[in-house]
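What follows is a single structure, and I will ask about it in a moment.
Labels for the chains are A, B, C and D, by order of writing; each one numbers its residues from 1.
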Amino acid sequence: MGSAAFVKVPMAHPADTSGVKAVTERGYDPASVQAVIIKSEGNGCVNDFTRALAARAWGDELPGAVTVVSGGTEGVLSPHATLVLDVPPLLGVADGLGVATAVTPDILPADLGRRAQADAVADAVRAACNQLGAEPDAVEFALVKCPLLTSEQVTDAFRTGIDLVATDTLETMAWSRRAAALGVARALGEIDESQLTEGLAGDLAVFSRVASASSGVELAGCHVVVLARSALAGNHLRAAHTVMADALDSEPLLDLLSRVRADGGRLVQIFAKAEADPSGAVRGWRHTMLTDSDIQSTRHARAAVGGLIAGLTGDPAIYVSGGAEHQGPPGGGTVTAVWELPG
Amino acid sequence: MGSAAFVKVPMAHPADTSGVKAVTERGYDPASVQAVIIKSEGNGCVNDFTRALAARAWGDELPGAVTVVSGGTEGVLSPHATLVLDVPPLLGVADGLGVATAVTPDILPADLGRRAQADAVADAVRAACNQLGAEPDAVEFALVKCPLLTSEQVTDAFRTGIDLVATDTLETMAWSRRAAALGVARALGEIDESQLTEGLAGDLAVFSRVASASSGVELAGCHVVVLARSALAGNHLRAAHTVMADALDSEPLLDLLSRVRADGGRLVQIFAKAEADPSGAVRGWRHTMLTDSDIQSTRHARAAVGGLIAGLTGDPAIYVSGGAEHQGPPGGGTVTAVWELPG
Amino acid sequence: MGSAAFVKVPMAHPADTSGVKAVTERGYDPASVQAVIIKSEGNGCVNDFTRALAARAWGDELPGAVTVVSGGTEGVLSPHATLVLDVPPLLGVADGLGVATAVTPDILPADLGRRAQADAVADAVRAACNQLGAEPDAVEFALVKCPLLTSEQVTDAFRTGIDLVATDTLETMAWSRRAAALGVARALGEIDESQLTEGLAGDLAVFSRVASASSGVELAGCHVVVLARSALAGNHLRAAHTVMADALDSEPLLDLLSRVRADGGRLVQIFAKAEADPSGAVRGWRHTMLTDSDIQSTRHARAAVGGLIAGLTGDPAIYVSGGAEHQGPPGGGTVTAVWELPG
Amino acid sequence: MGSAAFVKVPMAHPADTSGVKAVTERGYDPASVQAVIIKSEGNGCVNDFTRALAARAWGDELPGAVTVVSGGTEGVLSPHATLVLDVPPLLGVADGLGVATAVTPDILPADLGRRAQADAVADAVRAACNQLGAEPDAVEFALVKCPLLTSEQVTDAFRTGIDLVATDTLETMAWSRRAAALGVARALGEIDESQLTEGLAGDLAVFSRVASASSGVELAGCHVVVLARSALAGNHLRAAHTVMADALDSEPLLDLLSRVRADGGRLVQIFAKAEADPSGAVRGWRHTMLTDSDIQSTRHARAAVGGLIAGLTGDPAIYVSGGAEHQGPPGGGTVTAVWELPG
């Protein structure tokens, strides 16, 4: 139980679920798909309804799966879905990569971006680990799709006097990612209680090394997908995580790829977070991502880091998500590679 | 005469010429600056007036220099100016990198994007080579800044019945780059007459391996900057060119960087062209650069390829320019590295 | 048969169909909804998937209705749906406004923007008129939602050698609107055969006064909705059409509103087309809609004309659609008002 | 002294000062130009360098004049300059419209958006009134161009521990407008001390009826231009102000235009402020200006209100500026019309 398999399929448009046929072609049951992890071609910000369209289409197609749709395929990135299946372990194969999913209750507007959201995510991550019988340090990737506050919720809060973490809808996306990432870090023992408090108060030096959080208007609770090494998984998949220190930091990426090569492995997928360095500069040189009033900074960051990783791997159908608060150090981001050992 | 020296300076905004002080700090005379090659922070398309502002400011500061301003510092790219100087050769040093500049007459609206523009650019490139005493195959980089058609020119042409290569101002940018690149290729013997004709007729398989063309509203003729190996240059600078086959093609970049490393050299600058693959896909995966009605494709391409090269070099103050028609193969682009040998 | 009733409802997001409850609250059967005419909040251009999401959601909710989703609620425009019902005529009421819908066969890629598409639309308009027993000059509004060419279709055409009207996906939107509008004009006798030929060849002086065409990626055939005066309609609805000569032309709008006021009527809806003047100027003053590489011109045009009409009517939930080729004179657009006489 | 004259000229691009010839053609001395009030074609937000380019070009051309450049000519708005001259009063003509300008000291980063900026603006407004001998209630228009905080200033403040009103550069534009508008209101006695305090604390119900504030990166102090009725002016110009209650509020505009017509006057210019209603809705209908991550809300607002006013006046070369905090009620804005009586 929890033995992972991956099927990655292109999407011709946000509602394109035709790739599901690849699941059966590979001999798997579509009902075994646990998670559908999508890069869709919207702006990845507040009014990105490609996420809603993709989530609706895949939800209709695979009602039993958890969907995580991250908007934004800037630059060379290609719209695609990574289907993660829970399949029977291979006989006689010890170890491997396990997958588990969990969903939090709906996050109340007043709780978004705050301790209550972090706690809800932490509980969900712990539940997923328990399903896998995985210790925290076996987790190689903890993906969270979390809500934002809509303009209706902000308007309601004005009327009813509810105190929100922020009233700008775009800002609430960042706050939701923050609480989610810190919840992951707490659940996995990456940070302690006082660090959680400091992180929620805004200290970006507090961060997870495996969390990847993305927010969107298309859901009210948080969807959690955990990938972890597991003695019970019984497959030839491997995963490893690292962090980029900034958006130019190719060394850890090259190290990961060397490791895959050393294994004789086939790269299955890269999951990366990216962001504009909040200091306004990278290695002493000014960037313009935070002062561009035409293009949001997360779009710039996805395009740049996506261009780097796609160039290094030769694969543009990778998962690069924008807004990396508490997911790696400021200006950097978490990276997880999944690969398959030779048969 | 023609011995190059490079000074690269940051720009805090498009009119920031304060970096000129680095020229004197390095012991050079500002009057020796031949070319100011700028990445400015506009959209790089029709209404990018950061180019005009930067050209005006640097033109006021260094009236003797030719300006080439390429808009667009998407992603991690950093606004900066590369000042190329013509300095006395070092005593006892043979070889090195030479620089020469030339300016064409104003391009008539009816000539833009056509044979007459290609011929004018070819003449200017030949003139620059002659200044350096350089054979065509010694040229490592041929940079052209060329005009576009303004909406006023289009309106005038409607009224007067002049036939233009295109009436959409954004399209005229591409046509101007096309003619300029083909003019370079013809001048350097990369293509013959029949290939020039085919290229002007739209065959993207005809291309230069050293041309880099950028169009803008801020000039009426073409500015040309040539970098070539020269027995008379007498300096420790070296340059080499390559082409990326597509936007993911990191191999030739890694090869260039290996060569710099093998020389014990210090990388001075990278000049690269980038574009959205016109087929709509890269390595079989769909990209969305050509169907994004919010962000122009050249912005996507600069961000992605800029992210890759900056990640590989660790330097975000590189020259990455969008729209690579006939500058490398379709979807790819030309790349020139300049480096300095030790001591 | 064909007696129209209108229910206009807000949409909180592109998939919001909750307004359908207003149909039953008004005493009507949801199955009587013939057309759902939507303004959704995307960019209204190639990658506007809010149209697909809204069409899918309303299609699921009201499978018997024809959907027309026009993207773009720039400025003060408000996302909403205008549901047009076919209800029993009122007893003892002669005259009124009738509604009929029709759908063309799928438009082949090679036919898009050409005579074949115009003919298909003309046939559909004639069929709708026949349903209503309406003469051409009784038609006050002929709305067409028509396809565009996707990047996949363009790529396929490259491979198979099919000749397309254009290969830039954004341009194909304009070509599709053109053929649709000219098809309407031909069906209603507004233009003759030679004018149709001239119009298809690009003469913008050939235009309809009642057509409103909008293109999108979410359908393969054309959806047609016709509103016409009808002796059989038996309701208190009235409609009248006019054209704006340019985007500043408020006079015909004020005239329409005076007429509604003179009737003691209640304005039900305004349907308007808008576009950037292709000459690059309005009344001798340059506009920047066609040289703005950050925002598409149709977005500018909707915002401006939407601001004018919303300001004059006090209602931001109006239908203003961008791209008015052959729908009114160049730079102008068609306008239809629907109002209800006092009971 | 202070008798105004207006010359309005088109601008073909942001550096186009050729219109200055109209000054001499009208028989005036260019040195008499007191203020150059420009609508330029940038995005009107943080990285709008068309403002810097226009200010530099007109500053070179007319070094004695104060420049106010407001970015953003969305929709039908046309780039232009309104030159306001100080000319000799006409003999035997009593009354008329006066103009005076003033400049504040540079605003320190820590003072921006706060009491100190409001005080500096108030002092400048009082100085301008004194020049004209105008009582506060004779002021029909008080225009302020004010600075924003650059990313460098924000970075410096992080390093040095200076507390800023905001660290997001786009937000600092709004804070600067806020303090400027409240400074005007205080100087003219529209608000008292306690209201000033409340306004600075964020109460949007506190507002001026004649202020128009625009922020930009191109200046460090505030530029102030005041138009007031004056017994000494001696000209045939008249001005009147009003406020729009929301972006649909055409009634006060129609009233102003009726007044011009009743005077037999010729409309010279309209100066208007516009903004997205901060509640997220206009007259109960949701707007999408605040949730659009592709286009900033000020761009939407200028396009919509510009479309309305241009449609009502028939003139697209009007001054419509975005971001109307404390300049009219929330969601509305101030409007001043200037007209000339017949001979």
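Simple rule for what comes next: a residue touches a chain if its C-beta (ideal position, glycine included) is under 8 Å from a C-beta of that chain, and two chains touch if they have at least 3 such contacts.
Computed from a predicted model, the values in this text were never measured in an experiment.
A comparison of the C-D and A-C interfaces places the larger number of contacting C-beta pairs at C-D.
When chain centres are set by their Cα atoms, the one at the greatest distance from subunit D is A. One inter-chain figure worth recording: subunit A and subunit D are separated by 45 Å, centre to centre, where each centre is the mean of the chain's CA atoms. Centre-to-centre separation of subunit A and subunit C, using mean CA positions: 40 Å. Centre-to-centre, using mean CA coordinates, subunit C is 38 Å away from subunit D.
Under the contact definition stated at the top, the residues of subunit D that touch 2 or more other chains are 12, 41, 43, 47, 150, 152, 286, 288, 291-292, 294. Within the complex formed with subunit B, the residues of subunit C that make contact are 43, 45-48, 150-152, 154-155, 158, 168-170, 279-281, 286, 288, 290-294, 296. In the complex of the two chains, the subunit A residues touching subunit C come out as 12-15, 41-42, 47, 49-50, 52-53, 56-57, 150, 152, 217, 294.
On the side of subunit C, the complex with subunit D involves touching residues 10, 12, 41, 43, 73-80, 247-250, 253, 281-283, 285-289, 291-292, 294-295, 299-301, 303-308, 310-312, 314-317.
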